Amino acid sequence: MGCRQSFRQCCDRPKNTNVRISLPAVCFVWQIVVIILFGIFIRYDQESDAHWAEYRKFQNISSDIENDFYFRYPSFQDVHVMIFVGFGFLMTFLKRYSFSAVGFNFLIAAFGLQWALLMQGWFQSLDPMDGKIKISMESLINADFCVASCLIAYGAVLGKLSPVQLMVMTLFGITLYAVDEYIILNLIHARDAGGSMVIHTFGAYYGLSISWMLYRPNLDQSKRLNGSVYHSDVFAMIGTLFLWMFWPSFNSAITDHGDGQHRAAINTYLALASTVLTTVAISSLSQKTGKLDMVHIQNSTLAGGVAVGTAAEFMLMPYGSLIIGFCCGIISTLGYIYITPFMEKYLKIQDTCGIHNLHAMPGVIGGIVGAVTAAAASEGVYGKAGLINTFDFTGKWKDMVPSRQGGHQAAGLCVALCFGVGGGIIVGCILRMPIWGDAPDDNCFDDELYWELPEDEESIPPILEDNNHMRNRDVTESHFSMEQSQN
Amino acid sequence: MGCRQSFRQCCDRPKNTNVRISLPAVCFVWQIVVIILFGIFIRYDQESDAHWAEYRKFQNISSDIENDFYFRYPSFQDVHVMIFVGFGFLMTFLKRYSFSAVGFNFLIAAFGLQWALLMQGWFQSLDPMDGKIKISMESLINADFCVASCLIAYGAVLGKLSPVQLMVMTLFGITLYAVDEYIILNLIHARDAGGSMVIHTFGAYYGLSISWMLYRPNLDQSKRLNGSVYHSDVFAMIGTLFLWMFWPSFNSAITDHGDGQHRAAINTYLALASTVLTTVAISSLSQKTGKLDMVHIQNSTLAGGVAVGTAAEFMLMPYGSLIIGFCCGIISTLGYIYITPFMEKYLKIQDTCGIHNLHAMPGVIGGIVGAVTAAAASEGVYGKAGLINTFDFTGKWKDMVPSRQGGHQAAGLCVALCFGVGGGIIVGCILRMPIWGDAPDDNCFDDELYWELPEDEESIPPILEDNNHMRNRDVTESHFSMEQSQN
Amino acid sequence: MGCRQSFRQCCDRPKNTNVRISLPAVCFVWQIVVIILFGIFIRYDQESDAHWAEYRKFQNISSDIENDFYFRYPSFQDVHVMIFVGFGFLMTFLKRYSFSAVGFNFLIAAFGLQWALLMQGWFQSLDPMDGKIKISMESLINADFCVASCLIAYGAVLGKLSPVQLMVMTLFGITLYAVDEYIILNLIHARDAGGSMVIHTFGAYYGLSISWMLYRPNLDQSKRLNGSVYHSDVFAMIGTLFLWMFWPSFNSAITDHGDGQHRAAINTYLALASTVLTTVAISSLSQKTGKLDMVHIQNSTLAGGVAVGTAAEFMLMPYGSLIIGFCCGIISTLGYIYITPFMEKYLKIQDTCGIHNLHAMPGVIGGIVGAVTAAAASEGVYGKAGLINTFDFTGKWKDMVPSRQGGHQAAGLCVALCFGVGGGIIVGCILRMPIWGDAPDDNCFDDELYWELPEDEESIPPILEDNNHMRNRDVTESHFSMEQSQN
C-alpha cells in the first residue's frame, strides 16, 4: 500500500511539458529501428514484385486486372481517408485542440502503420521458406486497421496526453493488437471482417483502461477548454462524414472477392443509414426543447458501422442491417447522455470523445451479432460454397459447423475484451510515470503546450468596403491600442 | 376565397419551433416502417448473395472481378461523398446555419436513401418470381441519385424549414422521383445517365415550387443572418470542390460498362473545366472593380456538370462538352446576378442557394442537349453495336431510331418539369400547415432554433506567447467584464 | 544598363489591381481558342469511343473490365482530389488569402488541364493517321499531372500575383512542361512515374525563378497578413492530408498495369509514413521548448512522396522507401528553418509556401534516387520480363541496359532543372510588365483586392442562451456603435 502511494506521489510531481528531447528521440530511434527491421524482414509479395509477369504466366492468370491490387485499392484509399481525415478531424471539435487532434493523429498513425506491418507480418504472414514478410495491398489495409484501434484509444485520452505518451501508447497498442488479432482470427478462427471485436472492442477498452489509470481528479480546472466552438464543430463534421461515407469500404476492404465485398458494403451502408435516424430522434428527445446536440450527430451516427463490422459479410439481410443500426443509434446516444457522465463521476473514467458510446458498446454488440448470425447460418441461406467461402471452412477448419463457429465468435469477443482491459491497465501504469511531459490538470485540452500557435484571430484588421489602405492601417492600430488598454 | 383566407390565417399563426415530439416521432415511426418493408421486400441480388459462387459457375463468369461491384464501387463512393460532403458543405456558407446545413442534409439523405431503395425497387426491380426487390451496388447508386434531387430542393428552402418539414419534403420528393423516373426511363425510354432531367430539373423545380408556396413576405427581418462570413465561405468551398471533382463519377456511375463509363467521365471532366473559366469571367465583369463573387465560384462552376448529365454517355465529342460547359457557366452566373433577385421580387420565389441557376436552368439545358444529340446520333459516329448499347435499343425498343429517340428525350424533359412543379405545389401546401415547427420570419437562417450551440468563439481566452496561465485567466475575466459593460 | 533601368521603372509604376477587363478577356478568349483547337484536334480513343464494342471483339478482349478505365479511374479521382482540394487547401493557411488560394487554384487548374490535353497531345499522342489527338483516362491523369507543376509554382508566388498573371504563368508553364516532358520521357527515355523530375523539380524551379524575377523589396509592408490564424491552419491540414493520403495514387496512376501500380502505391505509402516521423522530430528539435510548428507538419510531411516519385515503380524495396522518406523529412524541415529565410534575405527569392523545401529539394533527390536505382537494377531482382516492363526496354530502346538507363535518368533531371530555371526567368520577365493588375507591396496576401468579401465575423450577433431576440438585436447595435466610436 505504501509502495503504491509513493508510486502515486512520484507520478504526481509538477508537470514539465517540454518534449524537446523525448519526442525527437522517440521519433528518430523508433524510425531507425523500424527501417532496420524492414530491411531484414519485409519484401514485396508476388503480386507487387517485378516477377509478377512471370508468376502470372505460371499461374495462368488471364489478365493484369486480376492482380489483387484492383480488388483492394479503392477500398484501401477510402480506409486511408478514414484513418487520417476521418479520425483526425472527428477529434478537432475541441476549441483549442484542433492542431493536436489532427496532428498527433497523423503522427501516431504514420508510426503505427509501419509497426503494424512488422507485427502483423511476424504473426500472420512470415514466409517459412525465407523468413521474410511479404507485403501487398492487403497488408497495407490491415496495417491501417491496426492503427485504427490506437486512434480509437486516443479518443479517450484526447487532450490529456503528451505526444510522447501517445507514441508509447501506440507502440504497445499495435503490439497487443497483433497478438490479439492472431489469437482471434487464426487460433480461434473467428471471422471479423470489419473488426467490431478486433479493432473497436479492443481499441475502445484499451483506451478506456488507460484513461482510468490516468484519472485526473482536478480535470475540471481545464473545463474552459473542454468544449467546442461553432467552427470547430463544423470541422469535426468533416471527420464524421468521411468516416460515415467510407465505412462500407472499411467493412468490405478485406472480405472475400466478389459477393463478400459486395454484401459487406451493402450491409454497412444500410446499418449506418438507420443509425442516423435514431440518433437524431434520441438527441432531440433528450433536450427540453427538442434541440439537437452536435456531439450526438458527430459520433452516434457512426455506431451502426461499428456494430455491423463482424457480421458485415454474413447474410444479415438488408433488414437485419437496418435493425442493428436502429438499436445502435439509440444505445450510443443514450450512452452520451447517461453513461459518459456516470463513468466520469463514479468509475473515474474520463472519456473525452465518448469512445465508450461510439466504439466500445457498439463493438460488443457487433461481436454478439456476429456470434448469433454465425451460429444461425445455414446451407439453405448461404449455399454450400457460400458457407465455406464466407466462414472460411477450409484447411484444418473444414469440418467446422456454423453453430460451433458461433461459439468461436463469442470466444473471440471475450479475448478482445480481455486484451483491451488488461493491456490498457498495464500500459496505463507505464504512462503514469512522470517522465512523459503530459499536461498539468489545469492546462489540458490546450494546443499551446505542444504547438507554436499563430497570433490571435482578433488581430486581423477588419475588412473595409473601400480600398483605403491608410484607413485600414489606422483601424488596425486603434484595434491594437484598444487591446492594450484592456490588459 | 374566404376558405383560402382562413387557411392562410391558420397557417400564419405564431410559430412554435419546438420539435421535441414531432421530430423523434417521425424518425422512429418512419424508420420502423422502413425496416418492416425491407423485411418483406428487400433481398440481395445474385451478385451480392452468398450463392454468387454457384451463380458464377453457372453463368460461366471467368473471374470474381467481373462482379458488378468492381465496375461500380469506386464511382459509388464518389457519389456518396457528393451527397453527404458535397451537398452538405456547399450549404454551410450561411454564417449561422452550418450545423443545419450539414446536419439536416445528413438526416434527410440517410432517410431518403432507404425510402428510395423501396420506391425505386417497387417500380423498377421487383422480381416477378418471388415479389422481392433484389438490391446491388447499382441500387445503392440509384438511391443516392434519388436523394440528390431532394437535397437540391433543400437548397431552395435552406434556413426556412424545420427538420420535420424537411423529412416530409423528402418523403414526398423520393416518392415523386420514383414515379417520375419510372415514366421517363422505362415508359418513355429516355436516356438520362447523369440525371439532368430526372434529378436536377425535377429536384430544382420541386424545391422552387415549395419555396413559392411557402413565400415569406417578411424574410428580410432575418437579413442579418442571410449571408456568409469568411470562414463559412471556405467551408462551402469544400462542398463545391468535392461536387466538382467527383461529378465525372456521378455522370458515369450507372452508364454502360466499358466505353460508356469511360466516355461519360471524360465528357463531364471537360464540361466542368470550361464552366470554371466562364463563371470567373462573368463574375468579374459583373462587379465595378472586377472583383470575384464567392457565391458564383461556389455554385456556377458546377453548372456544366449538371448540363452534361443526360448526354454524358453520348458521343458529344470533347469540344461539344466544352461548349456546353462554356454556355452554362455564363448562364448560371448571369442567373445569380439577374434572375434570382428578379424571382424573389416579382415571382415571390425565395431561393436561398440559387438552385434555379445551378440546377434548374442547367438541368433543362442538359435535357435539351440530350434530345438534340440523341436525335443527331448516327451509325457512322457510334457504330452499329455502339448505337444499340448507348441508347439501349433492345427488347421492345429494338426498332427505335435516333431521331425518334430525340423526341422521347424531349418528352422526358417535359415530364420532369411537370412532376417538379406540380409535386412542389402540392407538397408546399402540405408544408404550409402550422404544425411543423418552422422558424418565424425574423429568425430564419439560425441554428439556434434546432441545435444546442456551443458558447461563443469570442470567449476563448486569447493565446499568449508565454505560459503564464495566471495572466491568461485574468485576460479572460477582463474580456468578460468588457462584454458586460457593452450590454 | 539604362535600358534595363527604364524597364524596371516602367515596371514599378503604381499598381492598379482592377482586373475587370483583363481577367474576363483572358478567360473568354483562351476558352474559345481551346474549344476551337479541341474541335480540330481532339477525339476519343478506342477505349472511350462508342466503337469499343467492335474494337473489343476485334482485339479479342474477354471482358469490359479490361477497358483501361477500370485500371486508372480510382487513381484518377484521387489525383483529381489532390489537384483541387489538396493543393487548393494546402495554400489556405494565410489568414486573409483563403479565397484566392482555393479559388485561383481552381481557376488555373481548370484552364491548365484543357491546355495540357492539347499540348501533351500534340507532343505525345498525335495520331499520324488522321492528325487527331485521341484522349482517354490516362490523358486526363497526365493533364492533371501537368497542372500540378503550375500549382506548385503558384505556391512560390502565393499572395503576390493577380489572377491574370497566374493565368499567364499557367499558359507558359503548361507549354514548357509539355516540351520538357517530351524531351525527358520520349527523347531521353527517362522513367518518371510520379514526376519527381518532370512535375516537382520543373514546377518548383519554375515558380522560384518567377518569384526571383518578381522580387518585392518592400514585401514586409504586408507582413501583417503574411501568416496564419488558428482556423486557417486547420483548413490547410485538409489540403495536407488529402495530398498525403492520395499520394500513393499519384505515383501509381500511370505506372504499368499489375505489379507496377501495386508496387508504386506500396513504396509511396511507406516513404510518406517515415517522413512524418522525422518531420516531427526536427520540428520539435528546432524550437526552444520542443513545440511543433504547423508549417512543418503541413508541408514537410509530404516530402517523401515527392522524393519517391521517379523510383516509385522500381524495386526500391520497402526499407528503401522508408530511408528516402526518412531523409526527406529531415531535409525539408531543415529547409523551412534555415534555407527559406536565407533565400529570402540573400538570394532575393520570396517563397510564400516554401516550395523549395517541399518540391524542389525532394524533387531533385527523387531524380537522383531514380538514377541510382535504375543504374543498379538487375535481372536478378526484377526478372527478365520485369526489367523490360518496368523500364520499358522495348521498341527502339530494346538494347538499353540499366547502367545506361541511370545516365539517362540523370540527364532527365538536368533537363527539368534547366527548363524550370530558364522558363521561370523568361516568364518572370513577362510578368513584370505593369499591365497585369498585381498587388502593391503593402497589400499582398489580401483577398480584398480580387474578391467581394463578406462582412466581418465579429458582427455576428452573439449567441444567447434564451430566445430573446429583442436583446439579441440590441447587442448587435451596441456592437456596431462601438465600432463606429473606434474609427
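Going in written order, the chains are labelled A, B and C, and every chain counts its residues from 1.
In this section, a contact is a pair of C-beta atoms (placed from the backbone, for glycine too) under 8 Å apart; a residue touches a chain by one contact, two chains touch by 3 or more.
No experiment lies behind these values; they were computed from the predicted model shown.
Q: Give me the rotation angle that lays the C-alpha atoms of subunit B onto its copy subunit C, rounded to the nearest 5 degrees.
A: 120
Q: Count the residue numbers both subunit A and subunit C use at their shared interface, divide by all numbers used there, and answer same if that is over half, different if under half.
A: Under half of the interface numbering overlaps between copies: different.
Q: Whole-Å distance, subunit A centre to subunit C centre, using C-alpha means?
A: The separation of the two C-alpha centroids amounts to 31 Å.
Q: For subunit B, what residues touch not just one other chain but two or more?
A: 62-63, 65, 70, 74, 96, 230-231, 238, 453, 455-457, 463
Q: Can you tell me which positions in subunit A touch subunit C when the two form their complex?
A: Residues 18-21, 23-24, 27-28, 30-32, 34-36, 38-39, 42-44, 47-54, 56, 62-65, 67-70, 73-74, 76-77, 80-81, 84-85, 88-89, 92, 96, 98-99, 102-103, 106-107, 110-111, 113-114, 117, 135-137, 140, 163, 230-231, 235, 238, 449-458, 460-464, 467, 469, 471, 474-476, 478-479, 482.
Q: Quick one: which bits of subunit B touch subunit C in the complex? Just the residue numbers, please.
A: For this pair, the touching residues of subunit B are 62-63, 65-66, 70-71, 74-75, 78, 95-96, 224, 227-234, 237-238, 241-242, 244-246, 248-249, 257-259, 261-263, 265-266, 269-270, 272-278, 280-282, 284-285, 287-294, 297, 301, 315, 317-319, 322-323, 326, 381-383, 385-387, 389-390, 442-443, 448, 453, 455-458, 463, 486-487.
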